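Structures for review follow.
Each of the next two complexes has subunit A plus one more chain, namely subunit B in the first and subunit C in the second.
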Partner chain A sequence: MILLRLISWPYVRKHLLRSVLTTAGIVLGVALLVGMQGANRSVLAAFNQTVDRIAGKAQLQVTAGESGFAEDVLERVQAVPQVRAAAPVIEASVETGLKGQGKLLILAVDMTGDRSLRDYDFENGDEDVIDDPLVFLAQPDSLIVTREFAGRNGLGAGSRVAFDTMEGPRQFTVRGVLKAGGMAAAFGGNLGIMDIYAAQKVFGRGRHFDRIDIGLAEGVSLEQGQAALEKALGPGFNVEPPSGRGRQFESLLGIYTTAMSISSLFALFVGVFIIYNSFAIAVTQRRAEIGILRALGATRGQIRTLFLGESAIAGLIGSAAGVALGLAFTRSLAGFTGQLMEAIFGVPQNTREILVDPRFLLVALVLGVATSMIAAFVPARNAARVEPVQALQKGKYQVLLAGENRTRRRAALLALALSLGCLALSRYRPLFYLGYLLTVTAALLLAPFLSLELARLLRGPLKWLRPIEGSLAADSLIQAPRRTSATVSALMLSLALAIAHGGVSLASVQSIQEWMAGTLNPDLFVSTSETLAARDFRFPAAMEGELEAVPGVADVQPVRTARVHLGGKPVMIVATELGRVYRHIHRTIIAGDAQTMDTLAPEGKGVVIGENLSVLQKLHLGEIIELPTPSGPLRLPIVGIIRDYSNQLGAVFLERSVYVRYFQDDTVDLFRVYVKRGAAGEEVRRQIVERLGGHRRLFVLSNREVRDYVTGVANQWLGLTYIQVLVALMVAILGIVNTLTVSISDRRRELGVLRAVGGLRAQIRGTVWMEAVAIGAIGLALGTATGAVFLYYEVQAIGKDIAGTPLAYQFPFGIVALLVPVILIAALISAVLPAETAVRSSLVEALEYE
Partner chain B sequence: MISLKNVSKYYDGKRRVVALEAVDLHIERGEMVSIVGPSGSGKSTLLNLIGGLDRPSTGEIRIDGQAVAALSDDDLTRLRRDKIGFIFQFFNLLPSLTCVENVALPLHLKGLPRKEIDKRARALLDLVQLAERFDHLPDELSGGERQRVAIARALAFSPPVLLADEPTGNLDTHTGAEILRLIHDLHERLHATILVVTHDATVAESCPRTVTLRDARIDGDVRR
Partner chain C sequence: MNKAAALVPLVLLTAAWAQDARAIVEESQRRGRASSQRYEGVLEVIGAHAKVSKKSWQSFRLGSFGESKAIIRFTAPADVKGVALLVINHPDRSSDQWMWTPAIGRDRRIALQDRSTRFFATDFSFEDLEERDVNQFDYRLTGEEAIDGAPCWRIEARPRQGKVSQYTLSRVWIRKADYVAALYENLVKDKVARRLHETDIRNVQGIWTAETLEMTDLRRNSRTILRIEKLAYNVPMKNDDFTVQALRREQ
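The block that comes next holds the complex of A and B.
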């Protein structure tokens, strides 16, 4: 401890800027980790809280995927002796149009029986109305809101709230206000309660319920109740405690959480290089000091502990700052996450409360400190190995020893050879990923050698450009590769990641666009919501005839989409009239032949599945799949596999008549509408809105709008990956600043001489800027080459293991063209402060500097 | 050629350190002057101020009639480049540049044509008898040879003023004497004004004029 105070603290104080920059990687990594974890936890907690609060005393819930089920299921449930109370529920979210209030979650219940499961705690004065449920039922426009929602919007008993329904825009009357707390806290207080039979009309559910909440008879355990209900209802139903919904949501959130965790860990990984660089430099610069300490009797262990102690303190300070920063942007990240989940999966979100797990903050702190100590381990070990006599001699320590260089190159070649071997055996997936890891290792091992060679190559052009400034800039890199190599490695990794992601995005967007061109070709789409993901409202089947009657309409194809569980994952069923659809679209067939597909699938004798579902769940042509339905399991063979991007976890294309029969659901989410040849799409759209929109909630979207929407969602998802690229780039740029700051300090005398013999300020700045640009250029060259290799691995991983849809290898030249000026300008910006330090330092001191 | 009027230099820290106080000095064109004095007497400070490496706290310095105080940093640099040549005790050569490149450094900084630079740099190295060492790096030279390269660099623009700070301080007696002979030889051939800061009595006595500094003030000014 005394050594830390006497030896380390003065050094840190003297190199304050560098010390701050050193911890920047840790700050960013930990901040991202804490921010994302806090945001995800808050979003998940808000969802669970909503589920929990509106579940009331319900112990189990009966569902049948997203399709819901017919009313008669309620009687079957009530007939089960273990069931004390069974209450049907419809749940949907609506836009109220109240400014800044977001969505209102509607819980539709049967008031006559529901109070045995849920407590309705009303404000004074409302008891009279609600105490007689028949009064509530008698008026289908009745709505109960929470105290919080009423307070925010100045509502009271008798106030009117409007929202769109399947019967057109409707006014609802507030007939009760729930007291704060309990159920009223669900969905951030944005909760409305209405009668379930009114809701069937409002949301187009026909005579269906979304689920039934169950209270078990006294003495019946959860397992007994679950078993009894499963037996009574058959395999098409899901009987789970309310927490099961949270788990499903968590599995959707999981993909996103994983992506963001990788981002923060990557930032920490890049941070390792920056810390390693700083400590390696510090050990070199403090060699004489270490020598004196050793000569005075300090043991190797004490020296090692000194440097590790410094790194632990740096890590602790960086982590603490990271935690503070992370907490500061948790709220905005939670908002972003919620929006994304709603846009992609159609799950309404309302996160008002930010939850942070103190245990996780501790984990983040420990992770930050550990990262810092791991990064400083090798420099600390090197410091401990310093021999006192050698340390007190002057010399160059920034050079890479030939032996060290050779060993690195040999290790890199070995790693490369092994990675090629792994690639050859990549059908064993763990070996494929091991190969990827070995490639990264080889790139990192080769980086110092390659950056040295590239610096030598650059000397000529730089010298030609500016004879003195250029030569000195290149020489600075050539003479001190140790100073530069870790920064170049960090930059190389960041750029490789950016290029690989860029390539993947390019290929993904292109594939999705090709798929859309082939399949999303109707002129108009009539949907229940402006976001195609939300399925709160449904159209009646009869609307198909109404649409066909609109002048100019040539063909109408009803589509119903609903998630069901297949192989433990939520998979999308797309129920449509397959024969009619296939006549209009162009499919890319992966397995099977068009004729069999077009014959068997429309006849309901088989299903067609998406390629991603086939890859992710290892389903093959001819295999029988079993879909859980309210009428029992539906077993059908796979008669075709096609390229499909309609759902991340895969889709099953099922003939509509079969769906209607098995799921007892003839509602529709979306109509694909083709207009007659010669008819104007805009005019048909206007006619549809005019004829049908007056009495029904609907959105008519043009082909362009739908394609833009799908592209937008895809970009939003892919945009996430750029956060990690951005963070990594920031860390790498901080690395350049760090390296240049050290370089200026090392070259103080050299720059002093340059000024003494006539170097103008602009010329001194020039040499520092050229050095920065050279680091940027070397990083770009190595990053581009490494990125090309990383892209191959990412394309393979996404095609085979993550998305299940193969992507073409396309090198993103456009992104590289964009990165070149971005990195070079960033390098120049990084050089501004160090360059100013160089021109403003005392010339006399610089010339005396030893 | 060089004129100092009431020049002082202070360093303000926790307490004020007086490096030079109320110095008046006039050196004619073509004079060769040695500056001597004990450590901390202000010799190097005086040389740094005359060379424009540092600025005085008070007083006026004129080089070739030009007042230094009014010059911007870049103008001061130009004055240094065009009118003053420096010879340092530790040579201050750039280790990554060859002899020719080191000598060419100020010429490049002025932006002269490359062919002319190369020709001139080689001629200067020839002048200091290092024609055989054009493409050697400083590490490959002896101490005396390095100082010759430094002298050649100082002569790049044939400056009217040459400032040498302990030019023989880092050399053995024999090499030191050689370098001293070279400086005298250049003085005769180029008629430059030369100021030599030294601890070495032989060096000091070899100059026609010696200025002695003690406790930041001029304590003696002897002409031979």
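The block that comes next holds the complex of A and C.
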């Protein structure tokens, strides 16, 4: 403690800017980690909280995927002796058009019996606020809203709220206001209660319910109730506690969470190099100080502890600041994540409360401190090894010894050889990832050697550019490779990450566009929602005929999509008239042949599955899959595997008639409409809206609009990863500033001598600038090479383990072309301040330095 | 005399009273028996904050205690007109109930587990509308008391095992003169939850009937008054008119 106060603190004060820059790496890494995790957690917690609050006292819930089930299931459930109360539910979200209010989650229940499961805490008792429960039931426009929602929008009993229904826009009358708290807090307070039979019409559900909430009889355990219901209903139904819905959502969020966590940790990993660099330099600069301390009797352990203590404090301060910054970002990130989840999966989100787990904040703090200490471990160990005599020999330490260099090269070659071996055995997936890790290790081990070699190569061009400044800048890098190698490593890793992500994005967008060109080729799409992903509203089957009657329409293909559980994961069933669809689209067949597929699948004798489902769930051609349906399990062989991007967790293409029969659901989410040759798409679109839009809620989207929407969602998804790449780059640029600051103070005497012998300020400035640009150029060269390798691993990991859809290896030349000026300019900008420090320092002080 | 011998007269007395209690209830039901019943009811709900709401309905009943079928159809106000409830009573189990809401065009079955809830915001619960089968309760005569000046037997009715009821115990006061129930008290866990007071007792076509029923919910501090008008017994009715299809048909 005394050493920290007497030795470390004056050093930190003297090099305040560098200390701040050192901790900035940790700040950004931890901030990103906390922000991302906090956002994901808040979105998930908001979803779970909504599920939990609207579940009330329900102990179990009966569902059959997203298709819902016929009303008669309720009587079968009520007949189970273990069931005390069973309440049917429809849940959907609507846009009310109230400014800034977002969506309203409608919980539709049967009020004559629902109170046995849910507490409806009305303002001033029932009769004052539900003006009249009989009127509430009798009138299909009845709506109950929460106190919070009513307050925000100036609503009271008798007020009108408008939203679209399947029968066109309708006004609803507020006939009840729920007290704040409890169920009213679900979906951020944007909750509306409606009669379930009215909701069937509003949302086009026919005579279906979405689920049944169950309260068990006294003395019946959850397991007993579950077993009894499963036995009574058969395998097509899912009987789970309400928390099961949270788990399903979590599995949807899974890929996203994994991607975000990896990138956040990567940013922190990049930070390690910055800290390593700073401490390595600090050890070098304070060698004399260390020598004196050692001469005065300080033990090696004390010196090591001193540096580790410094790093722990720096880590703690950086982590604390990172946590604060992360928390500040969480709300906007949560909003973004929520929107993304809704756009991709159609699950409405309303994250008003930011929930951060204090335990996670503690983990982030520990991680930040540990990162800092791990980064400082080697410099601390080196400091402890300093002999007093050696300490006086300034500059020697910056040089990489030939032996040290050789050892690193050998270790790197070994790592490379092993990684190639792992690659050969990559069918054993852990070996594939071990190979990736070994490649990263090899790159890091080779970075100092390659930096040195590249600096030597750069000397000529730099000298040619500016004889004096260029030579001095190159020599500075050549003579002190240890000073720059960590920064170069950080820059290399950041750029490699950017290039790999860029390559993946490029390939993803290109693959999606190719797929869209082949399959999303109808002229118009008539959908129940603007986003295509939301399935709250459904069209009646009869609408197919109405659309066919519109002049200019050549073909109409009804599509119904619903998630069901397959292999424990929510996968998408796409039910359509496969024969008609196949006549229009161009598929990329992965397994099977077109003739068999076109014969068996439309006859309902088999299903076609997406390639990603086949990869993720290891399903093969000819294999029988079992789909849970309300009519019992539907077992069909896989008669084809096609490339498909319609759902991240995979899709099963099923003949519509089979779906209707087994799921007892003839509703439609989307109509694919082809326009007659010669007919104008816009005119047909206008006709559809004019003829059908008045009495139905519908959105007619052109082919271009749908493609733009899908591309937009893909870009939104990929865009978030770029935020992390940006942070990693910022960390690396901070490293350049740090290195240059150190370089300036390290060479203060040298620069002073230069000025004393007639060196101009402009020349000193130019030297620092060129050194910065050289670091940037070396980082770019190494980063591009490493990025090319990382891209290979990322493409493989995405194709085989994460998304299940193979991506083509496409090196993102465009992104590299963009990165070159960005990094060089960033390096130049980061040199401005250190350069000015160098030229403005006192000549006398510089000459007296050391 | 040992203790056991001393208890014998008490046990015999209790058994005799129990027999009497059931016989009284049976006689009360027998006297109210008719092949059918029709009336127009005016319902007035007086809430805890003295807010009053009024509704009118028509009631039709075919058959009597234990095996009857009944339809209640709301006639006013306008926004509930046409809402109807079909109740089919069974001698050995709880009744089946369906509700019809014409504006939505849907019937809904009211589940057994939900019968403790209020009947459309009145102080009656769905269970209160069921007819009590004597075989589903154990009766005990607990004394005599005058209600509205008329001497009554005070009888306790406890649901037998297997009978699903929100009430743990009911007390009924039956007038000695005409066997009409003048007062009911329904208890939940030893506390009176609802009290039904029957007044304006008149002889209609030879059947003594209360034409004003006042149900008080003591937990909510609200009450509902049902006034029976145009009461008629043994009116010709068809079995087919008491089905879910008929409920849908007659809007």
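Assume the second predicted complex is superposed on the first by the 834 of 850 C-alpha atoms of A that agree within 3 Å, B and C clash if a C-alpha of one lies under 4 Å from a C-alpha of the other, contacts with A are read in each partner's own complex, and residues count from 1 in each chain.
Convention: a residue touches a chain if its C-beta (ideal position, glycine included) is under 8 Å from a C-beta of that chain, and two chains touch if they have at least 3 such contacts.
It should be emphasised that the depicted structure is a prediction, and the values quoted were computed from it without experimental measurement.
Colleague: Using the superposition on chain A described above, determine whether A:Ala198 touches subunit B (first), subunit C (second), both, or neither.
Modeller: second
Colleague: Applying the document's definition of touch, where does A:Pro602 land relative to subunit B and subunit C: first, second, both, or neither?
Modeller: neither
Colleague: Just subunit B (first), just subunit C (second), both, or neither: which does A:Gly799 touch?
Modeller: neither
Colleague: Could you say whether A:Leu760 touches subunit B, subunit C, both of them, or neither, answering first, second, both or neither?
Modeller: Touch status of A:Leu760: first partner only.
Colleague: Taking the superposition on A as described, I'd like to know which of subunit B and subunit C A:Pro140 touches: first, second, both or neither.
Modeller: Only subunit C; A:Pro140 stays clear of subunit B.
Colleague: Which partner does A:Asp110 reach: the first (subunit B), the second (subunit C), both, or neither?
Modeller: A:Asp110 contacts subunit C only, not subunit B.
Colleague: Considering only touches as defined above, state whether A:Gly502 meets subunit B (first), subunit C (second), both or neither.
Modeller: A:Gly502 sits against neither subunit B nor subunit C.
Colleague: Tell me which of subunit B and subunit C touches more residues of subunit A.
Modeller: C
Colleague: Enumerate the residues of subunit A that count as touching subunit B in its complex and touching subunit C in the other.
Modeller: Comparing the two interfaces on subunit A, one with subunit B and one with subunit C, no residues are shared.
Colleague: In the complex, go through subunit A and note every residue touching subunit C.
Modeller: Residues 74-75, 78, 83-86, 110, 112-113, 115-116, 124-128, 130, 132-135, 137-140, 195, 197-198, 200-201, 215 of subunit A touch subunit C in their complex.
Colleague: Under the stated contact criterion, what part of subunit C meets subunit A in this complex?
Modeller: These residues of subunit C touch subunit A: 45, 47-49, 51, 53, 55, 74, 79-80, 82-83, 99, 101-104, 106, 108-114, 116-118, 120-121, 126, 220, 222.
Colleague: Touching subunit A in the complex: which residues of subunit B?
Modeller: It is residues 48, 51, 53-54, 73-74, 77-78, 80-82, 86, 88, 92-97, 101, 104-106, 108-110, 114, 117, 153, 156 of subunit B that touch subunit A.
Colleague: So in the complex, the part of subunit A that touches subunit B is made up of which residues?
Modeller: Per the stated touch rule, the residues are 467-468, 471-472, 475, 478-479, 749-750, 752-763, 842-844, 847.
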